[in-house]
């Protein structure tokens, strides 16, 4: 193809060559394609393929040795960590490295309503089916100025299993623990309208009437997004607010020191933080069985976690960059990867 | 002379015949082998699902059968609805092309319908979400308002129109060209002799079709419908994209709660599945296999029961 | 017949009750007009937003069916009325089928043209493309190679198997094949993909195996039954007397099949093959699993990931970047490309069928 | 029931090809008229114009008029369906509907008009028509079996039964015996003899003996060469045609005494 | 080139149904033999056993032997394809290959067998066969046109040309004239007369006149009733069969003088 012509002479010299295969979260695809483009431009001898086959599928393929790294919307489970990693040197493990933060927006499409304030309890009631009309007292109380129709609420959730749902239900389960008693899971636990993928949810909300749904904020497009109550204030999602809550979250306990899985602070009351976020991870070996591949992966993830990589992802995929502190932590872990 | 003749009719082996007939036999057996391989693959992968830990099933289901039941129902429901819509229309189109349209026009019209076969299922999915569902949603609202007392039309109406009925429409459009193409070829083969016999008895065109064309084509129509049904049962991406699924057996056609289909359920859950979850999904695939088997057995039985009256000879 | 004695040609007893010529056309126009008036009123009264064209046509057509039936029944009697009704219905069926077709093609063309017309669309891959731009050359090549290989595998197998069924097969094996071919049509495409993946992962002991040929195998599983079914129906239509004519000339069976039976039914077989190609060329799920996903060119069917158009369309739609319009445009343009490819193949196939099909005199 | 047929200056076309030119002929009720002539001279084409079966072929049309008891078949507003009810037809190759039983085949035409027939009525009509076609004894035990299971001669008589069950006024037969053995042929010739008292019968045959055996009047068609239209050369009493024709071509043809 | 056919005690079955029983007959080279008999008596069935076309039908089989110049057709290791090259066949309904031109139809026996031939050889052979079938003059200008564009009689002669182009020793004809008009019939009868000097010819006909006109010897088959097997009743010189048959059934049948 025209764009794959031989590299020009003045291209930055790079000694890296080879093919790197990764797989995982489809939501990460846009960011990955941007990173891949950036990395391949700098290293013309390298081809990277990222397959948006789903977080679970990606982790499974990586664990079985089918790919060199995985992209995942959630960190590895303890069972996964306990097992063998076929790509890694026998006996060594893999680590979760955050690569970006993606706020989850609550999107809605209701005639005559442009702005919507909502708290976790009400949101939980809407999505569990306890609140069924837009002019329900609970919503009206939060939005005294809005003209809410007396129409049925059509709440759209993901029909496919996804990390977005897991983070959304995790948020509701923690922030509205009295209302939302289901545990966090990839599968949405209540009935309602389901749609496949982020774009499916966005399309359903766009094309339907009196709709509400949740989706990765980067895909919200022209749709109105709701503000979440944090403490006493209503917070709209912003990259900064998302990064803020991540910065305030501890690492998951009982893990290896170099595993940067984050235990997100959903219950925050700091109005500078937007707690409905998702952190995406790259999963890589500590020590690769094939050292050459290890070198490639290391270089690639280093690029991802660099300031340049983070900017690229922000521009191309609309995700929130890691804080400088997290970037540094990731770089430190990567330095030990072989 | 005698000896010469004796050698000339005695067989030298005929390699062409041997090779060719064995090739066809091998091809036929290969198909069986592939199918057997698929079946074994499914069976082996399914076994863990039947004894899976109740916790492995999402939602309220605790065993495989209660998990797969609604899926089987949804699969058959959607496919049957699609078939009910597609078969009469396909027969109508095929008749239009073979017996009603001016001959010169007919060729082009056939090509037009074949075009539908060229539309990839992703596009059907996109079209279903973006065009069809919003278009039919107002009708659904009316239907629920007016005919809500009739169980399949009971509310609450879906706000997006992404219901099993919409899926059935999409499936119907998808299988239309296959059924149409085969029916058309078969109707065109109706012996002129029988058509003229009917006309000479003073039959109108429609009566001629009822007397000669349709009965003659019946086995072919059933075959074509089976192909279409197979496609409808197994369609994955379009259903996954359009349907708003849930986990129960639901007869209502117009709500946002719809029984999912097996293929779509696999597509939706496979990417995040792990452990026994994968086995459970593949076991549902096995069930689809069994459903197809049963449906086809029924169809064969129908064809065979009318064999003496078939148009052959 | 009372009018038997009535020999004056003026009162032709054979004309009993007939609607005037062209009356059906007028009735159709009138029905549409009435229906248009109805929807216009609905529109003007403000109850609905926008004038409903589809509703007008559908409602008008239904009205026409009723009107022509009632009128014809009054004037021409029930049989004629039924004939007219069925004519109306059959024609309506055709129009009904055209509606989604037109809608889909229109949607695809309108949404697809912007990206379709960009200069790089057919000359570039998506390698190193961020945001708008890039092309689908890698996916076109992939689709052509994967589907082409699937066709190369399925058509000979399917055709030979259908020949076996029609010309050789007797007894249990043939019945089993006929039956299971039908069952095979019901294999969901994603299961075919999983099967191919499991097969090759086992064969090559590579749990991450992805290559184009695997996709061809998965597609073949879906394609073969369609080829067998349609070819079988077409071969059955070849009259036995042609086979006997060839046998009587001392032509061995295999040559009879190759040179008499196949050429006679070539048109139908080609139609069937085209149907089967159309059936699989748009498959997404199995290719995502076994052929994989890449943004770069790959001309090697037997190594590394290979992009295909349906996967391209699906992933562009499903995983949009920040500039989501660029992704959506590319998705539709990819779909348009796919439809154009099938159309061209279909046209070619029809030409081929035309060249080879029986030349009937006059 | 039988009717008089009068054809005035009829030209028959396939699209632009003039197949039969300028035929004028009068066929009296209750007679058997035979059409003879070499292959391709337009006998089949012409006989099919008598019940408007001709127009079933795409592009086919006629000029001129065909009067049945004074009513022009090709007049404006004439319904071909009504015409074909009154003018039945039997084809060269027996064509019972393979998807129907013997009884249903016989009743096929009747059921069109008379949907709700009582079982006994239906049985009576079946028996009457099959007796009329001389087939009753052979099939009375297997009325529910498919019609395609019969022998060629039986099938042809079944088709005749089907044609007479609707009680037409005229019966057209296009080479009804050419696929049959002598015994079946004889049966059908006897049948024609009997039916003559009730119907007007027109028969196309290649068999001179058959024409002379069964017909009252004979029409000889001929053709000047391929691509030329067929013409009615001579039409007269059968005895005259076979013993003392007035045109040389007729004499040449019938004296060949083939067939 | 012609050969002697000897059939010994042949039983012919369709699966379990015995269609023809115990036929023994000797057919001399360079003669024309006619098979006559009522419909369903097994003439077609029997004639098809003479070039092993019978076994094309699923489930069909024979017992007994058929010797051609002393070689048993049904002996072990005999290749039916080779048999059929020596014993050609013409069917009741003309069946030219619709995909082929007239010339290709004539050469079908060779071309379908992948025999290579120079253009001039092919042209010579085509002309010879078509002249042999009395068709050359009518089609010589349109050898490249499809064979299905010919008239019925011409198509039938084309099939005969196709059969003689492979130079068989014996030609079997199953009612070759039943679909034809008298002129074409005459042409084919003349052809049989001519071919007799080179080939052994067996013809099935329903037409007594035809049998008496063209054949040297005649075999009369009969059947006792439906479901019973057909049998060879009498086989003798044609003149004897038609003037002075020794069996009553034969006399009854031929004296009917139908057809």
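Residue numbering begins at 1 within each chain, and the chains themselves are lettered A, B, C, D and E in the order written.
The criterion applied here is as follows: a residue touches a chain if its C-beta (ideal position, glycine included) is under 8 Å from a C-beta of that chain, and two chains touch if they have at least 3 such contacts.
Here's who's who by UniProt: B = Phosphate transport system permease protein; C = Phosphate transport system permease protein PstA; D, E = Phosphate ABC transporter ATP-binding protein.
Just so we're clear, the structure is a prediction, and the values are computed from it rather than from any experiment.
**Student:** If you count the contact pairs for each chain pair, which pair has the most?
**Tutor:** B-C
**Student:** From the centre of chain E, which chain's CA centre is farthest?
**Tutor:** A
**Student:** What is the distance in Å between the mean C-alpha positions of chain D and chain E?
**Tutor:** 31
**Student:** In whole angstrom, how far does the Cα centroid of chain C sit from the Cα centroid of chain E?
**Tutor:** Comparing mean C-alpha positions, chain E is 47 Å from chain C.
**Student:** Centroid from C-alpha atoms only, then distance chain A to chain B, rounded to Å. What do you get?
**Tutor:** The answer is 38 Å.
**Student:** I need the residues of chain D touching at least two other chains; which ones are they?
**Tutor:** 81-83, 112
**Student:** Chain C: which residues touch two or more other chains?
**Tutor:** 79-80, 252, 255, 317
**Student:** Can you tell me which residues of chain B touch two or more of the remaining chains?
**Tutor:** Chain B, residues with two or more chain partners: 14, 130, 204, 207, 267, 270.
**Student:** With touch defined as at the start, can you tell me which chain A residues reach chain B in the complex?
**Tutor:** 26, 53-57, 59-60, 152, 154, 156, 159-162, 185-187, 189, 191-197, 200, 203-204, 207-211
**Student:** Within their complex, state which residues of chain C touch chain B.
**Tutor:** Interface residues on chain C, with respect to chain B: 48, 54, 79-80, 82-83, 86-87, 89-94, 96-98, 100-101, 103-105, 107-108, 156-161, 163-165, 167-169, 173-174, 176-177, 179-192, 194-195, 198-199, 221, 224-226, 228-230, 233-234, 237, 252-255, 257-258, 268, 271, 274-275, 278-279, 281-285, 309-310, 313-314, 317, 331-332, 335, 338-339, 342-343, 346, 350.
**Student:** Could you list, by residue number, the parts of chain E that touch chain C in their complex?
**Tutor:** For chain E paired with chain C, touching residues are 51, 53, 56, 58, 81-86, 88-89, 91, 93, 95-99, 101, 108-109, 111-114, 145-150, 159, 162-163, 166, 168.
**Student:** Quick one: in the complex, what on chain B touches chain A?
**Tutor:** 58-59, 129-130, 133-134, 137, 156, 158-162, 240-241, 243-246, 256-257, 260, 267-274
**Student:** Which residues of chain E touch chain D once you look at their complex with the stated criterion?
**Tutor:** Contacts found on chain E: 37-40, 151-153, 178-186, 206-209, 253, 256, 258-259.
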